[in-house]
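Labels run A, B, C and D following the written order; every chain starts at residue 1.
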Amino acid sequence: MLKSAGRALAALLVSCSPALAQPKEILLGALLPLTGPAASIGIEEQQGVQFAIDQANAAGGIAGRPVRVRFDDSQGKPDQAVLAFNRMIDLDNVPVLITAFSSVSLAIAPLATRREVLVVNPAAQTDKLETASPFLINTIPMVRHEASVLARFAIDKIGKRTAIIYENAAAGIDGRNDFRKYFEQVGGTVIAEEPVEFGQTNYRSTLLKIANAKPDFVYIAITQSHETMADQVGQIANFPVSIGNTFSRPFFGHASTNGWYQTAIQSGYPDAGTLAAFKKQFGTADMGFFAREYFNATNIVLEAAKSVLASGGTLSGPSLKAAVLSIKTFDSPIASITFETNTALRPVEILQYRGAERALVETARPAQ
Amino acid sequence: MLYLQLLIDGVVSGCAIGIVSISFSYFYATTGIFHVAHAGIYTLSGYLAWWMVGLGTPFAAALALAILAAVVVGYLTQRLLYRPLEESGATPLVLMIASIGLLTVLQNVVAILFSPNIVQFDLPWRLSHTAIGPIALSLPQAILGVLSLLLFAGLVLFSHHTAAGKRIRAVASNRELAEITRLDPKRVFAQVLAISSGIVAVPGVLVGVDQALQPYTSLLVLLTAVVAMIAGGIGSLTGAFGMSIVLAVIQSLSVAVMPGRWSVAAVFGTFILFILLRPEGLIRSRFSRAI
Amino acid sequence: MNYFLSFVILAEIFSILAVSTNLLMGIIGIFSVAQAAIMGVGAYTTAILMMAGTPFPLAMLAAVAVCAAINVLSSLPALRLAGDYFIITSFGTQLVATAVFINWQDLTGGASGLSGIPVVEIAGAGFPTAREFIVLSSLCLILVAAGFWLLMRSPYGRLLHAIRENEVAVVAAGRRVLRAKVGVSAVSGACAGIAGALYATYISFIDPMSFDIHVSVLVVTMLVVGGARTLAGSIIGPFLLMAIAQLLAVVDIPSTIVGPARQLIYGVILIAFMLWRPQGIAGKRL
Amino acid sequence: MTNLTVSNVTKRFGGIVALNDCSFSIDPRRTTCVVGPNGAGKTSIFNVITGFITPETGTVAFQGRDITRANRHERVRQGIARTFQNLKLFEDLSALDNVLVCLKDEAGNDPLTAMFRPFHTAAVLRRKKAEAAALLVQVGLGHKTDALAGSLSYGQKKLLCIARVLATGAELVLLDEPTSGLAAGALDTMVEMIHALKRQGKTLLIVEHNTQIVQRIADEVLFFHRGHLMAQGTPDAIIADEELGRIYFGKGEVH
């Protein structure tokens, strides 16, 4: 407590005298949902960022300078995020911030524009993030990119008539809107759609109604309690085959979902040595999707920082942003990312659940 | 066929809500305390049973222990919270706020001790289901329906045909009189809350077995149950149970004709309008306790 | 500096909302867990109007009017009869409002919320960052506080106090109790509208979760801690509870349980105050 | 010229007839005492006149206007006000505020004026405080203006009730057992107070048990028994009536 009060005091002083010498260490911020309903994801993301920083320091820092990260908790809430954003910019003066969660990213986007801080979003996918701020860089494609790939695949390989079940929350609604748009564009029809509430556990009437409409397949966009839905699908005879998105992974492994499809953003593993180091450092059995994405996104930030420093510039939101866009292509074993705009273009995979494996059916590159 | 299946599903969820409704109503009609924390006991019992099953306890034993735990928590709530508050002359508003506090505590104790996430019971039989003609019913649904009816009948019999039940009704109908006739309302209140809590543990566990457990959604279940209680006539167990089933069936069937996303708003919106236009209630028993 | 200012701004906004809750719960003694929903209505009204080009003062005025009307409507059952039904209508109002925020997508942007709410501009002066906005929010709080103070010391305030003490005697004195209560309810709604207008323009992003039942319960907690029925209580509570939350953000607790732990602390605080200090820090007995 | 006319009023509660076809009228500036054993319908007739209950049949007229279904606040406005047997004071308010809240004048009683015309409201408040203080002086509580009503003695509380009812400016004042529970000294003060009200020209309707006091204050007496108006007449005539005396003091009237 005393420490933070001291820091606040120091920040007050700093803000009064902006002409302070550039600090020797490179400081990044990360604003993650460390508490609240999304905390389990937030912590995985935290590990990814921390790991990238530790690796960079182990390799002698960036341009000889040590790197440090300051984590802060957004609770997944917009007002808390605004407080945390200001805390970080004022107390620690960070030029770049790694973020998560659609509502949080949208809430801090205008602040990022005003205060010229680079915000890097490696996980939230709501379409509005594409244009929310010139200082917002998305290292993951948006919902609409995935939906366009999925719609084209579905009309080719599954059928022309679909029904949609979507979660009545940001990700689900975007998923429904985008899938409907692209599916209709390629000549399909949506014959029914039903929302389910976030955190709901009784899907029976929704599933019955959808099955009763007899679509060729069902598009399901939910982010929670897939297992329960899979159980309840199992009670309905001849439930149509279903397709999902990146969030649908927990559908995999149930008897009732065999033969279903999902899209997945192509995300590979780092080399064996790095992977082993990660598992050792955090005592985990795997390096999960979010850990890999945040590790990769942090590396992108560090690479940009290196290039800024190499050209003799100072680390600031504008300089880092210019560096990211001018480097443009970031290849790593995890992903090959191209920035034509603020938002990365990346390949999307279609997977099918076949018994005990998620089989790769095809890989596509979404159009801009 | 769709409608028949929706109807049956509605009846089963209605039974679960009905048990929440009668157990809430039993305590409320006796004491006049709006016991919001009832939802917390519902949540707590579900997660307790889940935790014990995870440790290898047979399901029946886990259910029994969860009921026992709920009884204890209910009894302690009356003894350590409501009774001291009433003795210090707290208004119903204060009791209500304390109850909201307790609900928050119970939900988050569950989230901290067990899991803040949605969890499922590790019981293979929960997926088995039977088809009676065109109707599919999962085993937990069947158990839930049967147990609920038994509990409902049991509570009605207890309330009307046992000495303890009659004593409780005497206290409910006239607290001052009961005090004079040495019926000790304070003891009776604690007993009632213990009984109500034990009863609400049953749907708390079984709905979790059938679907999944969630730490924060029980308030909505409770509020629906309270709407059913008011619509069915406060103090009438049969009315509360019956209206719960009616409400659940309407909600289930309404999905077939209108987008499901409006169903919560529809239930509560209709209720608010109804109260605005007809404050004396559906059954003309103008009930206005405190607050 | 912005951090400190943004903390103060949010605490001020919640103080205004606490005054709104205080008017209902403390002054006329009816339960409310729907004040966040009313504030939400104000926030959405302001946001939608401003995004359509309405200047801030007008949008805020509209929010105030709409919130006053809705608050009167939603508290009417409680005003007409002093029954427990209102507990349900209060919860119900909150649930219905959240459902409307989520589902009326054309108007509210649905669950994804509304982003890019314009910066406040009054007579050519802009309020883009915390440094400027604090002037606006402080001014609003001062006005609301002054309004509350004037209200309570006027003959009307004494009338309200009397109603709380003994409604029948007030009726027998020839006063229109319902009208007096409707008046308070409207003022309460207006306060929530001001809070909503400030929230929407300061955060510049709103979504249904910002105004859900947890926020309503949090405001009740703030009020109970600060103390109901007084102005000081409505201001002390929000500042104190938000400061505690900020300290918790610094304390080292395993992060998986911080969220529940924070909620748990709020719950314990509620119970403890009800048991041992129902008048809060600076209030009077509820 | 009658002030208040009650015609054929009947009111039942469940199976009990609280008022059975009661008719009477009261002339202005007269003091009428309502007497009768417990449960006779005395408080019920008060409630009917002040609008706290609505009769099933019959009418109530005040100054020639039918007020049977008028709102309670309407009746106060037209000049009928009452006290309660159990006082119903605002215990947490000062004596001054107890009176102030009841003042007939509606000025300053709405939120908009209170918030947006602070100086005007302050002036109204000053004026009302002066008025209320004058009324307190009138009932002999001038030294207790700032005391909380709850802290007053029982006799003072009853006087405060008189001040409140005067504040409404009513011409017809209904006092529900103003002297019950008072010790000798306070009782004399109250009787003196009632005489003072008479001198002011108020029409009084008073529920009173004590026959001696009835004789000291009443111009006229209404005798109720089991919801019936048994008799109306001068105090002496009523008290002399043996039949009524037996009902009032007789055996078998257990309640």
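Quick notes on this one:
Assume contacts are C-beta pairs under 8 Å (C-beta built on N, C-alpha and C of every residue); 3 or more make two chains touch, one makes a residue touch a chain.
Here is each chain with its UniProt name: A = ABC transporter substrate-binding protein; B, C = Branched-chain amino acid ABC transporter permease; D = ABC transporter ATP-binding protein.
Predicted, not measured: the structure shown is a model, and the values here were computed from it.
Counting steps between touching chains, the shortest path from chain B to chain D takes 2. Here the two chains linked by the largest count of contacting C-beta pairs are B-C. Comparing mean CA positions across the assembly, the chain most remote from chain C is D.
Centres computed as Cα averages put chain A at a distance of 39 Å from chain B.
Separating the centre of chain A from that of chain D, both taken as means of CA atoms, is a distance of 75 Å. Note on chain placement: the centre of chain A and the centre of chain C lie 34 Å apart, centres being C-alpha means.
The residues of chain C that reach two or more other chains are 102-103, 256, 259, listed in rising order.
Listed for chain D are no residues, as none touches two or more other chains. Listed for chain B are residues 116, 261, 264, each touching two or more other chains. Viewed as a network of touching protein chains, the structure does not reduce to a path, ring, star or complete graph.
Of all possible chain pairings, those that touch are A-B, A-C, B-C, C-D.
Across the interface of their complex, chain A is touched by residues 1-7, 10, 102-103, 105, 110-113, 115-116, 128-130, 199, 202-207, 209-210, 246-247, 249-251, 255-256, 258-259, 262 of chain C.
Residues of chain D that touch chain C in their complex: 50, 52, 72-73, 75-77, 81-82, 84, 88-93, 97-98, 100-102, 104, 107-111, 113-115, 118, 121, 124-125, 128, 164, 167-168.
Within the complex formed with chain B, the residues of chain C that make contact are 25, 29-31, 33, 73-74, 76-77, 80-89, 91-93, 95-96, 99-100, 102-103, 213, 217, 220-221, 224, 256-257, 259-261, 263-264, 266-271, 274-275, 278, 286.
Those residues of chain C lying in contact with chain D across their complex are 147, 150-151, 153-159, 161-162, 165-166, 168-176, 180, 183-184, 186-187. Residues 34, 81, 84-85, 88, 90-98, 100-109, 111-112, 116, 219-220, 223, 226-227, 230, 261-262, 264-265, 268-269, 271-272, 275-276, 279, 286-291 of chain B are the ones touching chain C in the complex.
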